[in-house]
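Following are the structures in question.
Below are two complexes that have subunit A in common, paired first with subunit B and then with subunit C.
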Partner chain A sequence: MNPEPVQESKRGGLLGWMDQRYGVRGLFEFLSHKTVPVGPHSMIWYYLGGTTLFFFIVQILSGLLLLLYYQPGEDTSYETIRFITTKVPFGWLMRSVHCWSAHLMIISLIVHMFSTMMLKAYRPPRELTWVSGFVLFALALAFGFSGYLLPWNELAFFATVVGTESVKATPVLGHWLLEIMRGGTDVTIHTLYRFFALHVVALPMIVFAFIGLHLVVIQRQGMATPMRKAKRLGAMPFFPNFLLRDLILWLLCLVGLLSLAVFWPYGSGIPGLEWELGQKANPLMPAYPGIKPEWYFLWIYQLLKEFPPHFFGLEGPQAAILLVGFLLIIWALVPWLDRKARHDERSPAFSDLGISAIVFIAYLTLKAWDIGGGGHGSVLPDPGAVARVCAYWMLGLAGIIFGLRFFLYGHRWYWLSGAAMLQVVLHGVVGLSYINAGFIALGLLAAGVALSIMRGGSAARGSEVRP
Partner chain B sequence: MSEQSEGARGSRRRFIDGLLGIGLLGWMGSAIYPVVRYLKPLPLAGPGGPIRLSEEQRTTIDRERFIIVSQGSERVMVFKDVSEKLYAVDARCTHEGCTVQFLPGESMIWCACHNGRFDLDGRVISGPPPRPLPRYAVHFDEGGDVLVDAENA
Partner chain C sequence: MREHQTNIALGIVFGFCALSSLFVPPVAAQDEIPAEVLELLDATGEDGAPVLSQDQRNFFDALPKHAKGLLADAVDLEFISNAEQVRLLLSVGLTAQEMELLLQDNCILCHTNPDYQDEATLFTTGPEAFGEHLDLQELVSDVHFRRGLSCSGCHGGTPDDEDMADEIYERWPDRDERAANRRWVPEFCGRCHSDPGFMRRFNPSLATDQVAKYATSRHGVRLLQEGDSLAAECTSCHGNHGIRRASSRKATTHPTNVPATCGRCHSDPEHMAGYKTRDGEPLPTNQLEQYRKSVHGIALLENDDLGAPACNDCHGNHAAMPPEVASVSQICRTCHAANGRLFDGSAHRQAFATNGWPECGKCHGKHDVVKLTDDMLRNEAGGMCYDCHAVYSTQNPECQATATYFHGTITHLAESRHELEEQVEVLAAKGLDVDGLTENLSSLEDALRSSRSRIHSFDRSDFDQAAQPGIETVHVAESIIAGAEREHRSRQRGLGIAIGFVGLVALALVLRLRMIESA
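== the complex of A and B ==
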């Protein structure tokens, strides 16, 4: 930056010395001009990327500490985790912090992603911020999945069997990928070796690269502002005003994290959010009743249960995984699909897409928890009752969400989320199968949108009454 | 410099670029191929032939009504119905590969992962599994030992 070296510097000391050699003043200049938009919009969404980063830093540090005692191996993986939690002073705390922080990081990341979706912060010129964020989301899931196997307990074993088996759905390369991931045809200790390398070396390096990219593009472009409000906005200096607020929030996150870790060292007791070590993995034991993956994979787990054995010439599980892949690709491409937001116009269809994603995932997740099924011990829950009770929960939830959207945000476009709710009602209340209910809802959605286009109605324009 | 020699220079450059491109591809291939082969696991060389159940394993079947045994990369469930007849099926669910179990009370094979249900011959009764569980033949040899034959289903 400063081609002529060792010249006058107004400051002495270390800073002056650094500036003479590396021109660091430019960086301070940049920081002092960096601002965060302030306006009538809620500021809270600007902090969520920071909290996600905070939990990731905690993951690196607590993971490093766990590595000091953990040894991957047939006779050591399970045993060293047990040793850490029972013998090493505060070992239980380190594992508890690592587990809680992982879940909080995913929660923070998901809320961050949905807020970006609802505020349309992905619109040009920020497409790559969205895509790099999406890649980080996928990497966080890969982190969770690979870390899950490392204690080598029963739950880990079957979660990995199912999770890796679903890779088979990949066209052409499926079986080859499956073997590469497992280090054999079956899940064995060789799978754990591969996941260990992934979890502690490969994924952190890739994540660092993408966090770097994500942050660089944000620094180059500044924070996104709500649509069509640019003129009324003020600015808050990033340094020190916003940074200090960030740090207070990080401190609160740390207090929250440690409280959870101390009082619930083995998790919340909700299936998918608990980490009792349980029994050591034994490939010769059957999967136990009530086995479930982590909460953020529950919707995929439930979808695998809902699909019939065969589906349009594909095997059911392959169709289910391909559907998940298709939906995720749509999600990643939203900045290009949302043509209206590209021109800074309201795009209510994409607000509704975000809500319908919540409806779709929430219903499957509730069902995966077998809420209202009356199953306990060896008695299996009744799927019909689960579908019905979860549908009632969804009706209550949708009442709140749709009410807020209608009265508070003035939303008038409900085609997608309406179809998603129709599927819930047809399946849970009327009693059709999940797949048939989905087809009917999609059919009515297509017919409704087509009719609306012919009449030049609101579905075609995607217009929305302003609040 | 004449136009003709300009054109010749251009085509020479394209030719050299093409050669360089081929060289680059070859170089990439020779770097990636060993890594891919390294990642591909070696085939598991297990003992072939039928599985012979030990005394202990037969006691387990009498007590639990079923047992899961392995040989090489195979996992086989051997179980006994109410009429004391022995069956053997592949223990890996055809849905997502979880290990199934035998429910003697309901005379049914069940996978706890996604609620797949099979009859004693491995045929799907309900749930998402797309294919029946492969069956294995159960023999008794002269000494009364139980042999499970993966080849001879």
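== the complex of A and C ==
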């Protein structure tokens, strides 16, 4: 059978040649007509996915360079990282860039996710964009967790011991999952082997697939428009206007990243955001107290600590993991839960859900840093003082956020974030336990919502009016 | 066929045995214990509570059959007749073997029975055991008891005696008489401890020359030749009914307890009144106080460093002697050998001998050896070299120069080490390679330690053998630091260039964007 005769294209050159064979012209047509909505709304949120992608590309490139020298192994992991940072030309820069970029990527990702949440950009037809983004967020955390162990230093080793330990709390599957993750009952060099495989082979492949999906759906559907304004907006060509802006921002990110990497090669000095190599891991040494995970895991770490050993027939950690799982599932299902936004109506409850998530996570994270506890050296911080000082910080933060929402954005629906703040105050200022404070806040929330629904659903209807 | 039948028969027999064993009650341990013993074990006090605690009862239940039998025998013979006595015997924490030893010793059984003894002769434990009572806990902790030697070993009679033998009264005169003249004690202990043949049966590695050595010691001379019963004898240091091996933490002769043991007499002005030094001065009583503050005292008593010397490590123990001027330095050299060798080759040795100064002690003191500082070498008032030379060797500029050189060099090395430590931290925080510096730091540490030791030769060239490598290390370290700082600057310069380049590209893009959008 003869191959189909190549159709003559009107254009010559490479593009013509490609078009004859693969029909790429359609793609270029599409790109040249693609626009980005422009209007009175702030466009800054449109760039955050791009910066996250930029930091991910940096991760791939710097990771590739580290991979030229890094060898996983009992006698090589730590040694090759030392060699990279001290002897390999610009090796120090590559490690520093890789670490800084990892953290910046996660910061950018989190801001991107919350902005999507607050702007309700997840509403139809973009449910799949939200879910693929959520999966990418989970994959980014998995990247962070698996990469942390690879230098095989003391801190990473014990943080991994503690981190994998919490997996054990997963109901039913816990022990099995723990052994799958660790490659045995303990964290050994075999754990490192599988973390390495995960970090440099499995995760990148999965992430490429999901980034591909995420980008394809975004390109097909275009940028989300602000709620109820779709008809009044102008348009900016995606190519080249928006793409050039994206590129300029990427270059600024590069400058920021390089400056951080050169001036603070071992991180910021804030616990959970530093990567001093320190001593080589010694599995026979006892873990020292105060081992903490990276900053983006701190809220889970702190939540595990807040639960009592036994909780309604469950073990404390099990209950905590179940709670975290439940909250994450709610988060992933927001596009379907937020039925008002589906119909392009105001949904103040879900704006408030985003804020209450920030309050909930911020307070736990502050507490995990032991701010105001007076602990140093062998003196352990005073948990009561930590809870109090962090609660004051939260009151200040909440004052700013709630003030902005009330006066600038005209928000009037505060049930969820109010309950979250009530828990902070009851725990930090009044002195109840974290769990009891949570129950009281939840109880009052339920009572309040029920009351307002009985009164005619004013709370549920809400009134989100821009001044 | 027959085999088959046999199997069935066997099966029936075994089955019957197994079944019957279910119905026969297990042989209760209680059943073997005579009623009188059970009565004592189950006795209750005035308040109605059992005399024996559950722990003591459990201890009894766990005793082997033989030990229980011995206890029953003692009850039968009425050596044990009191529940309080049973409580005491079961409460002193013995092994089963030691318990059997105790239950076969009629002296202890009779003397722990409040029915037979008055306050003065009853053995008990706890706070009330002090004073007139003898502490049973101490007695059973005694090394002699643990080796099977009990009361009769010293006091006479045999453990089987049912009454006090006459021999005991003959051997042991009244307490006042015994105290007035203690000369009998070394001889008494020596009956066994000076007999190698006898001692071999118990502790073959223990020396048997203690009494002979004691006779040559100051303590021994005073007691045995001059009849001074205030002088220490065996029991003054070892105690009597609670003697433990020196390796036991509780022993009065354990290194950490030795200073207090010696101090019991030597820190007591009343006890030491009238004793004089060789020069006719009253014997001081502040040695223990000085020792506690010294490097040796702090190491031994506060840091529990058993390598640090206690009193006996310099003065001897059984052959206790005050070291003389000539022997002080030999004693110090048992540990500080290298410094002693350096001093031997120095010009000071002759000068010290001429003046009759104790070599080490002249500068470092004896009981009050304090922590050294580099300032002791300072060539000005308050410095050790200076103060001595200002009196004894004024016209010697070379000595002055040497002291100044020592002080200057050591201070330089010490300061450099301090700076280097700080630099290592600063450079490491900047992410620079400090491996080379860390190596330098440890060789500088060695050079410093060695230089401080080598001043005991009081010779510049000898000192330089240790100090020069240190000075060179400092030079090398400085050049590494300079290199690291250059590297740091070049990193920042590189960053500047990169930012400039990226900035230009960004600027070009901004201009391009403007062009597009203004078109």
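FYI, the second predicted complex is superposed on the first by the 451 of 467 C-alpha atoms of A that agree within 3 Å, B and C clash if a C-alpha of one lies under 4 Å from a C-alpha of the other, contacts with A are read in each partner's own complex, and residues count from 1 in each chain.
Definition applied: a residue touches a chain if its C-beta (ideal position, glycine included) is under 8 Å from a C-beta of that chain, and two chains touch if they have at least 3 such contacts.
Model, not experiment: these values are computed from the prediction.
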Subunit B versus subunit C as contact partner of A:Tyr288, first or second or both or neither: first
Touched partner set for A:Ser96, first subunit B, second subunit C, both or neither: second
Partner chain in contact with A:His310 - subunit B first, subunit C second, else both or neither: first
Which of subunit B and subunit C A:Arg245 touches, first, second, both or neither: second
Partner chain in contact with A:Glu165 - subunit B first, subunit C second, else both or neither: first
Partner chain in contact with A:Asp186 - subunit B first, subunit C second, else both or neither: first
Partner chain in contact with A:Leu380 - subunit B first, subunit C second, else both or neither: first
Overlap of the subunit B and subunit C footprints on subunit A, listed as residue numbers: none
Complex contacts: residues of subunit A adjacent to subunit B: 158, 161-162, 165-166, 176, 179-180, 182-186, 190, 283-291, 301, 304-310, 315-317, 380, 383
Contact set on subunit A toward subunit C in their complex: 85-87, 92-93, 96, 240-241, 244-245, 247-248, 251-252, 254-255, 258-259, 262, 265-266
Complex contacts: residues of subunit C adjacent to subunit A: 429-431, 433, 435, 491-492, 494-495, 498-499, 502-503, 505-506, 509-510, 512-513, 516-517
Subunit B residues within the subunit A interface of the complex: 39-41, 44, 67-70, 73, 75, 77, 91, 95-101, 111-115, 124, 127-131
